[in-house]
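Letters are used for the chains, namely A, B, C, D and E, taken in the order the chains are written, and counting of residues starts over at 1 for each.
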Amino acid sequence: ATQSSSVSAKTVLAAPAVRKRAFELHIDLAQVPSSQPNGRITMPDLEAYLQR
Amino acid sequence: MQMTMIEALNNALALILERDQRVVLLGQDIGANGGVFRVTERLQERFGEQRVFDTPLAESAIIGSSVGMAVYGMRPVAEIQFAGFLYVGMNQLVTQAARMRFRSGGVFTCPLVVRAPYGGGVRTPELHSDSLEGLFLQTPGLKVVIPSNPYDAKGLLVSAVDDPDPVVFLENIKLYRSFRQETPEDYYTVPLGKANVVQAGEDVSLFAYGAMVPVALDAARQIQQETGATVEVIDLRTIWPLDEEAIVSSVSKTGRAVVVHEAPRAGGVGAEIVSILNEQCLYSLLKPVERVTGYDTPFPVPGQEDYYLPNARKVRDAIRRVLEP
Amino acid sequence: MTTRQIDSGMVAYQILNEEGTLVSNMPDLGPAPQEMLLKLYRAMQLGRTFSHKIIALQRQGRATTFGSLVGQEATAVGLAAPLRQEDWLATSYREIASHIWKGIPLPTLIYGFRGFTAAYPPECHTLPIQIVIGTQMLHAVGLAMAAKLSGDPVVAVGVCGDGATSEGDFNEALNFAGVYQAPAVFVVQNNGWAISVPRKKQSAAPSLALRGPGFGIPSVLVDGNDVLAVFEVMKQAVEKARAGDGPTLIETLTYRIGAHTTADDPRRYRDEAEVEAWKAKDPIARLRRFLLAEGMLTEEQDRELVAAVEEEINQAANEALALPPNAPDAFFDWTAATLTPRLQAQRRDAQQYAQE
Amino acid sequence: MQMTMIEALNNALALILERDQRVVLLGQDIGANGGVFRVTERLQERFGEQRVFDTPLAESAIIGSSVGMAVYGMRPVAEIQFAGFLYVGMNQLVTQAARMRFRSGGVFTCPLVVRAPYGGGVRTPELHSDSLEGLFLQTPGLKVVIPSNPYDAKGLLVSAVDDPDPVVFLENIKLYRSFRQETPEDYYTVPLGKANVVQAGEDVSLFAYGAMVPVALDAARQIQQETGATVEVIDLRTIWPLDEEAIVSSVSKTGRAVVVHEAPRAGGVGAEIVSILNEQCLYSLLKPVERVTGYDTPFPVPGQEDYYLPNARKVRDAIRRVLEP
Amino acid sequence: MTTRQIDSGMVAYQILNEEGTLVSNMPDLGPAPQEMLLKLYRAMQLGRTFSHKIIALQRQGRATTFGSLVGQEATAVGLAAPLRQEDWLATSYREIASHIWKGIPLPTLIYGFRGFTAAYPPECHTLPIQIVIGTQMLHAVGLAMAAKLSGDPVVAVGVCGDGATSEGDFNEALNFAGVYQAPAVFVVQNNGWAISVPRKKQSAAPSLALRGPGFGIPSVLVDGNDVLAVFEVMKQAVEKARAGDGPTLIETLTYRIGAHTTADDPRRYRDEAEVEAWKAKDPIARLRRFLLAEGMLTEEQDRELVAAVEEEINQAANEALALPPNAPDAFFDWTAATLTPRLQAQRRDAQQYAQE
């Protein structure tokens, strides 16, 4: 991972499973809109982002 | 035959005494009185005072002398009247029984079973309900077994007595007579170290043992009714060593987990399960693992224990939280 | 009588025999001996009635496990009577009559047996009843050591059963007290049984008082059903301790007439004949006979006294039953002086589920 | 003044004895001998046998009589010669000292400090090196403190004696004389329950206590040299209650964590920290938290302890794994 | 002599006095009494030389903490000599001379003090030295109970120091043995000190042997520096136990001439004069005088014997020092009969780091 993506990964809140999925799909979680009040990216958020 | 857990344990002890002449039972009030819960009912009558005998009121001596008997070649099965009194014999259990093999470089062994009732919800005096299993994670050399039903109780006790190392066998008081279950009168074993998938499920893994297994099943039923989600309920059966494979494979599938125990939360069995999941399947986790446990206070008096103990409502709420996206 | 080393014949010291006849000198009962005798008598009746009451409540599902006090009232009362309020008492569960004497309100005690945490008035210097057999004997030693180190003329009394003498803590307590010459008095209520284990299977020692000399502690064997003998022996031991002359071990020979607790069935392990034989040595009947014979009490007064005692207990029970339960989250407050955020959160959780 | 940890503790005890007449010190060989490690050196000479005294060889009695003294109003500071022997007094510690407030409904309290040396790497006989702190997570009512340096040792010990509840104060043998540090001779306190950020960092959080703090710092230095990553080293200081805020806020920032302790892994302090992180900042976690700990075996004999104990290499390797993407 | 209850004067039983003169009858030393005397003498020399050797190795950094045996050889040898191979021995760390007599090879013992786990030959029926003071006394009781339950004519001996008598476990052991009439013999090596705590501060009891009667156990006080007296008293106790007549408590009065361990400095707490006074009662010198006076040993033979003993110890030390250390991961094997996957993984981790 590049320095910038790891920095952005650190600022994003997401369950480890979501991170892993995003990593496998080469998706930067910082780009994914969140459905949660604290900005956490859920698995459905990630899936919705994929369907966009 | 339909047996309560008391009957199953009594049956197991009789069987063990019959099969293996090296076995002796000792403890407070286990002879004529048959034990305060009657687990050893009629065993002294049947096997004699040489095989089944009362001891003076001294837990350290019960465990310490059992260590000597075990080294000699016997298979002592010692009863501590309530698990809370294990603290009194803690040194003999942890630094002696658990380490005989270790200290002697494998020359001497200590095939000793220490049985003790424990568990809340039965309005007992203090120290009668305390759950000590979490303590033994930090005391290497001991196995810890907690059955949740009569069938397992018998099979696990037979395995514990056959085990070449010391086993702490904790019996939940609430389960002692709460239900009967078909239990063979003949010899069989349930292996130590193997968890039991009581109910398969896809959406969340629920780990429990002892009296928390029925609580877990109750909560699982409610969840399924209310949400349609299926809960995989796993009865750990052996607390140490934990069946890590079973734990990890379930959560790898579900991505969500709840652990239930009566013992305090801090550093308990739940903490170790969370740690195992962290180490072995963190990337499967969709939500924080929930611990539904006793609080980090001493076990309270009878009038307050209901406010202390995990119950189906607490477990159901935890499952609900875990099921959120 | 000076506190005496037990002799090899091991005859228990007695003042009032089974028939209620004086066989030794009457002890010094203070300025008003007759009142004191009646007070001792009433306290024993109170203890017995308390015991009956809690067992009755337990059968109704309104009290938790309880160990019968019946038969042991002379020891429990006799050991407490010579104490000052500032003296400390650390007992097991079978000395409720001692707690009553020491001033713990009856409703407080009954509230405890409802299964709640009962706060004893701190000035009674009485520790909560102890469940872990034998441990309180070391607390008594520590209290006594503290009194001595503080230069206070205060004595600490540790009380336990015959079974407790097998525990390491009992023996460590004797040793510590001997080494520090602590102002402690140890009372072993030898009631013949530790649940189902008879005294003779508890130890090969012919007498438990024999334990004392092995720790350099003078010991006395006393008839535990003779409240005057227990009082006298205890008084001497307490005065000796208070004077700075060290600890004493007292074995009181008594008998558990009832079941071990409400959870126990003694028919499984002991002979009714033994119980009957001991009933003939009843501590209350004995003193009653004496009081009647001496004209200190009439049958009429006795009936009144018994009725008054019952009334007192019933009223206390009603009071205790009317008390609100401990707050559902009270046990958090008793865990530590200040609660961490974690415990505060857990407490909120408990509160929430308690409300639902 | 430059002090070793021994000197700092001795200085703290002298100060406490001077300031508070309720304080007494008791334990085996703490009088004329000054304690087997000399922590109580000259204190009996200075304060007299009423304030500082030897006890018979009985751990249960040391703790049990201290409970009585504490209830009476004194502030006993009891030394158990080695923490491994706490097992002998475990019942008095756990069911009595820790629960006096609880059992009496808050009427009586037990302001008792139990000091005990522990820790490996010093070639002691068995049970002299065992780390018991993990056990006390499951025994509510006790605080557990472990200092890593002379300054903290003094300030924490003063706080422990001032605390209204019982405190187990564990002193790492290896740190006793390993270095000196500027330590005021006057009164000061270091608060209980507060962790210390020994070294700030951005990339990984490293939790340690006692003798593992220097090990952690060593590993952190190596990592920084080798990879440029910065390690936040946090000295827990109080083991129970844990400073959850400090733990969570560091990992919320770094997303990566390693916990180090000498005690066995299962159900230890590491497990509880992992659980806290799971519960409070799972969504920040980039990698599984690593536990670098003693193995789940008894502490071995001197000739093998180097193979058992965590060391800077093991910690460094764990940090490396955690730093991987 | 029958094993005697200690009398109130508490005169220790003696056969060979400080000058090496017989003051009681010579015990029955078996078919070859002179050989036995020389064997006892040699065993004491071996114990002392062993002690000197390990302390020397410790100073060179080649051995771990070690507690001096010097001055206590008569007790250690005298208690072991009457035992059969099948009798069990459970001791503390100060009875290495007993272990030698029981057949543990010298290199095995020395290997242990190098800081490794030493496997005792199981047929020697000797438990590893115990560090947790007092605990082994209960193991001895259990071994004795097992022997009795199995109908084996086997005795178990528990040995501890004076300090150990303050531990709960010591007292619980006496009580259990009394109750079960276990074929156990308890030996308290009263060497005057528990590290820095003198015997009189350890217990207020005038004699530790007085502990016995409180548990219904006959007790003997014996001169612990008189190998013949220890042998005789021990022999009787062992025979009595083997015959099914129950346990005995033996207090041996001896003295720790050296420091508590290599980590201790006794000048901080005890008077050199006391040590000097006890040196005059040296157990080895005493028997040597007797043997020389009786013509059983010449000065020449004595020198040869001492040289041979030293040679034996040096050779054993060389052998022990040449032994490979325990495998780095050996402690995993000793944790449990079978290793779980988790422990197997941890063991691989340990192996890997051991190799680096």
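Going forward, contacts are C-beta pairs under 8 Å (C-beta built on N, C-alpha and C of every residue); 3 or more make two chains touch, one makes a residue touch a chain.
What you see is a predicted model, and the numbers here were worked out from it, not measured in a lab.
Trainee: Identify the chains in contact with chain A as well as chain E, in label order.
Mentor: B, D
Trainee: Which chains are shared contacts of chain B and chain D?
Mentor: Under the touch definition, chain B and chain D have A, C, E as mutual neighbours.
Trainee: Of all chains present, which has the mean Cα position farthest from that of chain E?
Mentor: It is A.
Trainee: So how far apart, in whole Å, are chain C and chain D when each is placed at the average of its C-alpha atoms?
Mentor: 40
Trainee: Between chain A and chain C, tell me the centre distance in angstrom, where each centre is the average of that chain's C-alpha atoms.
Mentor: Those two chain centres are 68 Å apart.
Trainee: Quick one: which residues in chain A touch 2 or more of the other chains?
Mentor: 15-16, 19
Trainee: Could you pull out the residues of chain C that touch at least 2 other chains?
Mentor: Chain C, residues with two or more chain partners: 117, 132, 166-169, 172, 175, 179, 201-203, 330-331, 334-335, 342-343.
Trainee: Which chain B residues touch at least two other chains?
Mentor: Only 56, 58, 60-61, 84-85, 87-88, 91, 95, 102-103, 126-127, 140-141, 282, 285, 287, 296-298 qualify.
Trainee: Return all touching chain pairs.
Mentor: Contacting pairs: A-B, A-D, B-C, B-D, B-E, C-D, C-E, D-E.
Trainee: Chain B touches which residues of chain E in the complex?
Mentor: Per the touch definition, chain E meets chain B at residues 88, 90, 117-122, 127-128, 132, 135, 138-147, 149-150, 156, 168-169, 172-173, 175-176, 179, 330-331, 333-337, 340-343.
Trainee: In the complex of these two chains, what residues of chain A are touching chain D?
Mentor: Going through chain A, the ones touching chain D are 1, 6, 9-10, 13-16, 19, 40.
Trainee: Can you name the residues of chain E that touch chain C in the complex?
Mentor: Contacts found on chain E: 166-169, 171-172, 175, 178-179, 181, 201-206, 210-217, 246.
Trainee: Give every residue of chain E touching chain D within the complex, in rising order.
Mentor: The touching residues are 64-65, 93, 114-117, 131-134, 163-164, 166-169, 194-197, 201-203, 263-264, 268-269, 325-326, 328-332, 334-335, 342-343, 346-347, 349-350, 353-354, 356.
Trainee: Provide the residue numbers of chain A that touch chain B in the complex, in ascending order.
Mentor: Listed in rising order, the residues are 15-20, 35, 42-45.
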